[in-house]
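As written, the chain order gives the labels A, B, C and D, with residue 1 at the start of each chain.
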Amino acid sequence: MSMNAFVMDGIGETGITEKEPPEPGPADAILKPTKGLICTSDCHTVHGAIGDRENLTLGHEVVGVVEEVGDSVSDFEPGDRVAVGAITPDWNSKAAQDGHSSQSNGALGGWKFANVKDGTFAEYAHVNDADGNLAHIPDDVSDHEALYTTDMMSTGFAAAENADIPIGGTVAVFAQGPVGLMATKGAELQGAGEIIAVETVDKRQELAQTYGADHVVDFQEVDPIETIMDHTDGEGVDAAIEALGTDQTFQDCIKAVKPGGTVSNVGYHGEGEFRHIPREEWGVGMAEIDIVTDLCPGGRLRIERLLRLLETDRVDPTEMTTHEFEFDEIEAAFELMDKKKDGIIKPLIHFE
Amino acid sequence: MSMNAFVMDGIGETGITEKEPPEPGPADAILKPTKGLICTSDCHTVHGAIGDRENLTLGHEVVGVVEEVGDSVSDFEPGDRVAVGAITPDWNSKAAQDGHSSQSNGALGGWKFANVKDGTFAEYAHVNDADGNLAHIPDDVSDHEALYTTDMMSTGFAAAENADIPIGGTVAVFAQGPVGLMATKGAELQGAGEIIAVETVDKRQELAQTYGADHVVDFQEVDPIETIMDHTDGEGVDAAIEALGTDQTFQDCIKAVKPGGTVSNVGYHGEGEFRHIPREEWGVGMAEIDIVTDLCPGGRLRIERLLRLLETDRVDPTEMTTHEFEFDEIEAAFELMDKKKDGIIKPLIHFE
Amino acid sequence: MSMNAFVMDGIGETGITEKEPPEPGPADAILKPTKGLICTSDCHTVHGAIGDRENLTLGHEVVGVVEEVGDSVSDFEPGDRVAVGAITPDWNSKAAQDGHSSQSNGALGGWKFANVKDGTFAEYAHVNDADGNLAHIPDDVSDHEALYTTDMMSTGFAAAENADIPIGGTVAVFAQGPVGLMATKGAELQGAGEIIAVETVDKRQELAQTYGADHVVDFQEVDPIETIMDHTDGEGVDAAIEALGTDQTFQDCIKAVKPGGTVSNVGYHGEGEFRHIPREEWGVGMAEIDIVTDLCPGGRLRIERLLRLLETDRVDPTEMTTHEFEFDEIEAAFELMDKKKDGIIKPLIHFE
Amino acid sequence: MSMNAFVMDGIGETGITEKEPPEPGPADAILKPTKGLICTSDCHTVHGAIGDRENLTLGHEVVGVVEEVGDSVSDFEPGDRVAVGAITPDWNSKAAQDGHSSQSNGALGGWKFANVKDGTFAEYAHVNDADGNLAHIPDDVSDHEALYTTDMMSTGFAAAENADIPIGGTVAVFAQGPVGLMATKGAELQGAGEIIAVETVDKRQELAQTYGADHVVDFQEVDPIETIMDHTDGEGVDAAIEALGTDQTFQDCIKAVKPGGTVSNVGYHGEGEFRHIPREEWGVGMAEIDIVTDLCPGGRLRIERLLRLLETDRVDPTEMTTHEFEFDEIEAAFELMDKKKDGIIKPLIHFE
């Protein structure tokens, strides 16, 4: 018996191939994906960001149906419609016991799919610790909606949760890709009084407003720091969110926050030896500016809570879906995402 | 020179009388109120909740125009349109330095208006520490809207902020008077995934939904704890908010939260020797249920942030205004509020 | 094959009996205890505090040697010298994912030993999730010392950690049994500037000073609240710790803290329908007094950190050991602990 | 009438000169210093770190006797023996209301002495907001001891308080000057289980052990990161404290902490355009490593709490005093401090 999987097979090489289907350990589940989303980090991976990989199934944003469970799984059974976070922590690890489940057993250790084991772009995918990492999708939440809990909502909202936004406070969100858009929405859901989104692409500027931005700053047209200072009477914002992963936006975040403010990073910084903290704007190390970071929180509780926000219509993430493909067209979808062509934000993959 | 003031003159006695206008100390301001709201706590005060008072001007929810400032005031000047919080802390007190400004110089010590000094229902009112306690009202925020920042929004939102609501979490709000309604809205602004409001009065049930409640539980018709457990798969809510001040609702809050949950109290508990914690539902003192309380946070920063939420249309509190009166009709307004007649929620007073 | 176990067999009935030794599931371990301590909660259990139990092995404070591990255990092997917390959480449960591991799968759900499964006073004991719940004992930490990490240090220190003690702040600890003594030491380890211990038993008063109390208040001789107020210039303490579990001490804690202060409960409240909050001293529900609770935090990380404090000589808990017994004398030890005779604080059991 | 003051008069220029004594505003006090300590930041200032200054009295670490108070001061009177923090915040500022008093009215805005107004190395010194910024010295605390609360204890302890050290956790403190030494002591007072001090100067290594370091790493002899990893089984520390202000030690802090750990900076970063975050060790911006900073917390409450730690003998900071001088010898003391000659740590100045 074999199954189709969309794999990376050496840096820069991708394709659909045949593989043995996975089998569950006692606490695990086998998931049959129904819908998926391609993530920019899949593209980074293929370009070698985490090193070379051979015959590694890509993908970490899917929902589906449980196909099989291990003997000790108690809360899920075949046929259940479920979502699984992109990050599937080892919940008994010391890092998870310490409140840092995404770092379980090493930095970024909760990131298993398409990193240290096969990802989810296949007919079947293996999920470690099913009781801890799966979540039932409520009846009135569609697969399409639920998909966004696995990474974009979890990551973007985490950016806002970590930003320590006071109710009525001011927030700047740098970059409005799908993570940035969800950070913008997250800031609204944390009670921000004024949200300033920094972005230059039209469609993304538009969605930023849909998701709660009060102002959109086009950094190609104006100086973003100057504009943020203008909007805040020269004070700077309470919180700045980095959702891109470049040195420039990182530095801008530090320049944009007020003394006592927070820089919350969720951008993946893939290149360069250093990130640079501008010494003076950082208050020579004494201005009480916190710099915090996160990796997409996973786990059953997290995904259930995000699904609840869909159930009660607090957010509609599907507006970010710009393209749709069948699974056998996934290579084309990947190509489009990789090149960021055609105004793509997120491409939806139908598995059946 | 004299001015009119609406005063309490002995328990149960109220009326408009003439008084000397106040004068500012070096750091203070004199405010000329333009609009006000009567608070249920004004009624409690008149009935003796904080003891007897003679010739004490009532009121603590007003906005107005600065009439005069002391010599050391730097950020406000006559003619400025401003709001002032119901609580006007001593910012250099040890409690304020400790993050508890409402408790400055003693329990509830930040509560000065109509408690330890004349309140705001007069032609002129004295504001201690103008730079610390006044806030400019933005041009596009009306006096009517701004009024709600002084107490209802600050208190109700604080209930939600203190409740430690996880994004996507579940919240029950007990009672939907104006503070409860703002707690409901506050829960939404903190990212709650499901909000259950407990209330029996029609108009309040309706407003609860306007302000974000996903379910309204009529405690006259069903058992609220049972209903909350049904809505949460028997788990209980992440947070329960007490916005009434009775032993019954306080106990219900403890029964409604899950282990690890938070009970956030903003109800004013005016009667009885004790509040009762049900021992078993409290997990025999080991279920990690936190019980936290607050008194309406005041101060310039707080009010500015709440005004910002009005400026960006995150909330419209004016829907709670059910009645309007001129200042010379204030006794009738007070009577209505005291008796909670005619479906009253908040009566608006026009000073001019 | 069979083993000896000290069991409860109906309310009030205890004795050594023969049992089948336990077997490990894939993630579990079998521990061969070498030393143990009897806990007052063992006595409560025998008296029916958690209901009737038949043939239930007692005990939850032991250290020992790993006898056997399940197939998926990776970090422990037979022969390892280890400690196991009294609480052995299900780390993938939603409560644990939420930071409340002691409440995993229900209120107090992490408490398994001598509650929902056999305890540790036997030749062999079963430990769920060995990688998550065992900790290696460092070479220079004795079994005797390490024993105290399993409950007394974890519980007592948690009381102090939860109390939100500012560095240099004031703390009152009500009752100086072994948990209270460790709460006193915990307060010192959290940087308290002044620690007031409330206790009447001589030996316990003495140990309170050993463990960091600056003042000892004998509630039989003076009014403890008055004395605490005297020591704090009438302000009250920043934090009060309840380490007994009575209504009286619980109320005293609320009376002892200042506005903005914290009451941290770790006492087990075994009796009565209610705990009573004195309404006025509680600031009518508005004085920002937090009431927080906990159940002995468990898990590998927690125990490793507590062992580290022994390794670096931050505390010597063995001073609390007042008596020693062989395992076949455990019934006498239990009797002594139950009756609190002979100045007993903690009786040490040698298993071999 | 005139007084002697030790001033900076242009970059690099210092000397004792005559000045008009200061006068108090209504909320202020005039202090007559009795003892003082020179701070390395006084040296930085003279070398131009905060720009040029003319005839600016230096110094911010003194204790003394109240000479005179303004009309509205209520808690202090002439003759009181008091300490005043190096940082004297404007407590009604928005930053202070937000919990960032050291940033009141701008980045580092609470730092007034020898920055935006005359410092304390004079016969008389002006203290803004006496009720908010002075603290009575308890009878059994000497002037010499109390001096250390004004900056060294407050700054060093803040480093530890901000480091989010779990009880029993591991901490590395980079540099053991007086701030680093107090950070080491602070880590002990926060319950650290293992403290690793990085320092090469003999006397400072010795004091590090006095103040709680379990290991001292001489970075001239071994690689500090490697050694820290060895001491922590390759995991890294829970918290790293930067107490020097160089790019090297800042980078080392990031390399030393584990995923989920905290870098707490109190070093004054006086030079260079940037501080550099090593991208990979920072977990590409996703390893949940927080970088936090602070400026010496001031204010009456803070100083009172630090004085309490002296009163109860939790720390003896006077071991850091290596030299003593009369006020008229202050230029020699300054020279010694500036050049870090003769093994100097802190020079004590006697004003009378």
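Going forward, a residue touches a chain if its C-beta (ideal position, glycine included) is under 8 Å from a C-beta of that chain, and two chains touch if they have at least 3 such contacts.
Keep in mind that this is a model prediction, so the values were computed, not measured.
Engineer: Any idea whether A-D or A-C has more C-beta pairs in contact?
Structural biologist: A-D
Engineer: If you line up contacts by residue number, which pair in A-C, A-B or B-C shares over half of them with B-D? Let me know.
Structural biologist: A-C
Engineer: Using the average of all C-alpha atoms in each chain as its centre, how far is it in Å between chain A and chain C?
Structural biologist: 40
Engineer: Going by the contact rule already set, what residues in chain B reach two or more other chains?
Structural biologist: 98-99, 166, 304
Engineer: Line, ring, star, complete or other: which one describes how these chains touch?
Structural biologist: complete
Engineer: Quick check: in the complex, which residue numbers of chain D touch chain A?
Structural biologist: For chain D paired with chain A, touching residues are 95, 98-100, 102-103, 106-109, 166, 242, 245, 250, 258-260, 265-279, 282-295.
Engineer: Tell me, which parts of chain C touch chain D in their complex?
Structural biologist: It is residues 157, 161, 166-170, 186, 188-191, 193-194, 214, 304-309, 311-312, 314 of chain C that touch chain D.
Engineer: Over in the complex, which chain B residues touch chain D? Could you list them?
Structural biologist: That would be residues 25-27, 72, 91-94, 96-99, 101, 129, 131-133, 299-302, 304 of chain B.
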